[in-house]
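What follows is chain A paired twice: with chain B in the first complex and chain C in the second.
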Partner chain A sequence: MKARPINVLARVYLGLVLAFLYVPILVMAAMSFNASQFYMLPIDWSFDWYVKLASNARLLEATRNSIVVALVTTAIASVLGTAASIAFFRYDFRFKKVLQAALFPPIAIPWLITGTAMLMFFFWSGIGRGLHAMILGHVALALPYVIIVVSARIKGFDPDLESAARSLGASPWQVVRHVTLPYLAPGFIAGALFAFAVSFDQFVISYFLSVPGVSTLPVEIYTAIKKGFTPEINAISTLVIAFSITLLVIVSRFYRFGGDR
Partner chain B sequence: MAVSDTTTAPMNHRRPSNARSILALTGPAYLWLVVTVLLPLAAMFYFSFLSDVPLAARDWHATLANYAAFFQQDFYRTLMWRSLRLGFEVALWCFVIGFPCAYVLAKTIKGRWREALFLMVIIPFWSNALIRVFSWTMVLRGNGILERFLDWLIPGFGSLDLMFTYAAVVIGLVHSYLPYMILTCYISLSTIDDDLIDAARSMGASRLTVLRRIILPLSMPGIVAGAVLIFVPVIGSFMEPRILGGREGTFLGTVIEDQFTAVFNWPLGAALSFILLACVMIIFAIFQPILRRAS
Partner chain C sequence: MASVTVSHVNKAFGDFQALSDVSIEFSDGGFYALLGPSGSGKTTLLRQIAGFSFPDSGEILIGGEAVESLPVEKRNIGMMFQNYALFPNMSVFDNVAFGLMVRNTPKREIEARVGEALELVRLSGYDDRKPHQLSGGQRQRVALARAIVFRPRVLLLDEPLSALDKALRLGMQVELKRIQREVGITTIFVTHDQEEALTLSDKVGVLKDGKLLQEGTPRELYERPATAFAATFLGDANLFDGSADDGELALADGARLRTLEPLARTGPVTCAVRPEKIAIVAADAAISSDSNVLEAELEEIIFAGNSLNYLLRRGDVSLRVFAQNRAAADLQPGQRVRLAWRAADTIPVEA
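Right, the complex of A and B next:
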């Protein structure tokens, strides 16, 4: 089976596609260790750009903002999203279909439209721009993901467990605390990680809601690319990618990509 | 079955408290979505019919001029076509490259390898889109990695001049959205029973016939879902065309961005955004039946 030429061809093809997906990222990572500012080859290995990065106040400030916004977004979106998922699972009500359909606009409408709409509305209504506005926007984008991920986990929950606990004398709060939440925990954690990633990588919404001096890392990177970048961007980008991959590997322990196996 | 009936029955009797619980559980999430998505879109729709932002200090009145600009000036219509063409081409390339890839993952590779390779396909998709696009600038630019590689492969290859072209924008976008297509096609393909393919083969169908008569029709929901999921964000893209397209990278998305960040003609930007949104909704409406099957 393994020796069949068509299988070899299939593997070579898969390898080429993976190369297409990874080469640019690997090039960037390699260049972040290249001392030459003009990307001269062969690579002159050094940590210069990482050292320079450590004293780049703007980028560090933007990184700090990104983390703060992502953490607050995660906290709000995972709690609100999990609550809504529980309602969808436990109750049948008239507007359920409508509410579930309403989750799609934040995912389906191009971010350019959502972002500019938020910019106009927040500016006009006095909410204004800045980190708080970004949190408002990021939570809206993260909510659908949290609800989808948590709902996928809830589906396997047996309501009999709750009634059994109740018939054994547990109070409603004890049922939630000792039966429902422990079962939901993996879904909740996966949903929270999704929310963090959605917020941490979000560029478009943050871009329209940023004010000069208050921006997140992606916005700062975009500005740097437009102004003529320095290899410090490679260094910070490499760190971000490494961080994202670590996060994904953690998520994959809680959430099965590719369906049932 | 009887057991679950007894658990749901008492809930239906206590309707008022159910309604309170539902409201308490879903209310906060949906209130949030109303304030951050629904109201802004409504405000945008309203602004698109005004001559200026409706603030006390400004002189504004209702007008259709913003929409008239789109329908009367060739400039915007040309941009719309360019954006639609870009979306179509990117979706097509993603299909051409991604479908075989999904097929190999779903049908040829098994076990832990599939799991690992699947994760490898998702990883870049998960990372920051901006950084991925930026990394292409190093590969595509004059005397960049691609040209050096080709020069090493075929000495005296010369230059490609890919950077700041339409092709560069397509390459960057295909790279960004390819995992969508691989994912949706993979999900469709993995539901096709292998016995069906084996049966057709043993009855004498050629590989091509199996592909055309069995595999493609059965994976159509995945292909369409992938194409729509790619098409919609691509026609609204502005960052990728700016970074990789330079002066060649003017699309509807970049012009809308300009209205908000450079020209400050918000009502025109709102009108253009709404025309773009109308296109998106038409596309969803057309493919709705197939998309529903896919989910």
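Right, the complex of A and C next:
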């Protein structure tokens, strides 16, 4: 079939979108394997920067902090968010609408402002700064995302499924385990991924709440770039991207996102 | 299997009295239809029997055991939901096996019993399908197999056929009845469809405004409705309002109708006559002595293929007559016709 002009345009458009999304990442990944510090071409393939990275204690420590903060944030935010979504779905209570509406502004308010507010509040209330403060801040940020994602899944849940399971003799726990949770799982996983991403990506709030010597990867990368760029940054970034992609592939193998059940 | 006894059950939701003093005996192995319009309390009653909701007062016995305070999962009932409520993430096999699985039945027995159940509903070989790969009728069979595979004491059906289109519904009615007979399980089903109630069940209870109006076999209910509501909700009926006079029904215009039995009471009386019991007869036809005869004006004839539906008017009362499409007289709207029916088909009812 001959391509119509509109089709060609659409393809070019798609190509451009993909290029702007992925070319920078590919360049960065390629350069992390280039022995030249000044991005000389052709690429002189080597693992030098990865070896150097392995002995960069600050960057590794920051990576470890990022992962710890993101995992703890994910655990807390996805459990709290899922519980909140179930409550919103199943129960009617006073101020439900107000509460639901109150979830959205934090997403719209610039992180810079939220971060400033948190910094002031944490300072004033004695919570202070550090990883624990970051976790608190990240949970607060991630919670609306989890609730929105999980609620979208729950909305399609037929409460008769739980009634049916009970009529078949299932105890309340068996109902949750065999009917409710398997149904919610894709939403829960997607919500958890969001929470992880919100926390792991978080720069502004982490920057405000970090103390010297205790920071996260984005903050550390920012500090390092200010001091002078080294391709070690490319190396750690490439590793992070590889990790993210692997995670996504694994998750999508188990759960098809979208309208399926 | 077991009988179910509901006695003096009351249930209110706030100010709304959903069930008032309902008592019904569901016999062991019987097929009982709870018939009523929406808001009549039939679904509320089913939910009390199932255990999804608990009566404010009164008793519910299953097999002689008081269950009114047991939650649904402890009552050992099978229930089929209006939308089937199949577990979307499970295969047909796992759906049917669910009731056995939660009872910790050994794996080999589960396989055997699920196989039997699927065979009973004629879905052998569909074990691995997911609900979304099945047609509406097949989903319903899975729901039925799932509800009976663990041999519950009672089977509860909530508007079981309403989600199917008409052709499929007729087929499923036959199937449902066959399966119920084969399994011999006490079955209670809720419906607002009078035809379904008549064809499927061996006993029907008519509910209205949270009260049991009348119960009986489909035939008894149809032939001898006790109230004007039962007469019109369960089939069609012509209602004649008049007053009792010397054992007969005297209409306002002076016409007199003889009834099933001479009227014992006095004062205003309403009688119901089924449209198919009335015949349009020729002016010179001989009328047997136990018949009622009335004149009316023919307003419209509706041709429905196998039958004809005559709409008539007598004063300010509109009447209907159904006739088989067999040697129907050549009648025109506007014509005055004679109607005749047996006195025994004139049933006094409570207004």
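One rule holds for everything that comes next: the second predicted complex is superposed on the first by the 229 of 261 C-alpha atoms of A that agree within 3 Å, B and C clash if a C-alpha of one lies under 4 Å from a C-alpha of the other, contacts with A are read in each partner's own complex, and residues count from 1 in each chain.
We take it that a residue touches a chain if its C-beta (ideal position, glycine included) is under 8 Å from a C-beta of that chain, and two chains touch if they have at least 3 such contacts.
This one's a predicted model, so the numbers in the text were calculated from it and none came from an experiment.
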| item | value |
| --- | --- |
| Partner chain(s) touched by A:L248 [first = chain B, second = chain C, both, neither] | first |
| First, second, both or neither for A:S171, with chain B first and chain C second | second |
| Touched partner set for A:Y183, first chain B, second chain C, both or neither | second |
| Partner chain(s) touched by A:A195 [first = chain B, second = chain C, both, neither] | neither |
| When both partners are placed on the shared chain, which of chain B and chain C touches more of chain A | B |
| First (chain B), second (chain C), both or neither touched by A:S163 | both |
| Common interface residues of chain A - those touching chain B in one complex and chain C in the other | 160, 163, 261 |
| Footprint of chain B on chain A - complex, ascending | 7, 10-11, 13-14, 17-18, 20-25, 27-28, 31, 39, 41, 76, 80-81, 83-84, 86-88, 90-91, 93, 99, 102-103, 105-106, 108-114, 116-125, 136-137, 139-140, 143, 147, 159-160, 162-163, 197, 201, 203-204, 208, 218, 221-222, 225-226, 229, 233, 237, 240-241, 244-245, 247-249, 252, 257-259, 261 |
| Complex contacts: residues of chain C adjacent to chain A | 50, 52, 71-73, 76-79, 81, 83, 85-89, 98-99, 101-103, 132, 146-147, 150, 156 |
| List of chain A residues in touch with chain C within their complex | 158, 160-161, 163-172, 174, 178-179, 182-183, 261 |
| Partner chain A, residues of chain B touching it in the complex | 3-4, 7, 11, 18-19, 21-22, 24-26, 28-30, 32-33, 35-41, 43-44, 47, 53-55, 97-98, 100-101, 104-105, 108-109, 114-115, 117-124, 126-132, 134-139, 144-145, 148, 175, 178-179, 186-187, 190, 232-233, 235-239, 242-243, 253, 256-257, 260-261, 266, 269-270, 273, 276-277, 280, 284 |
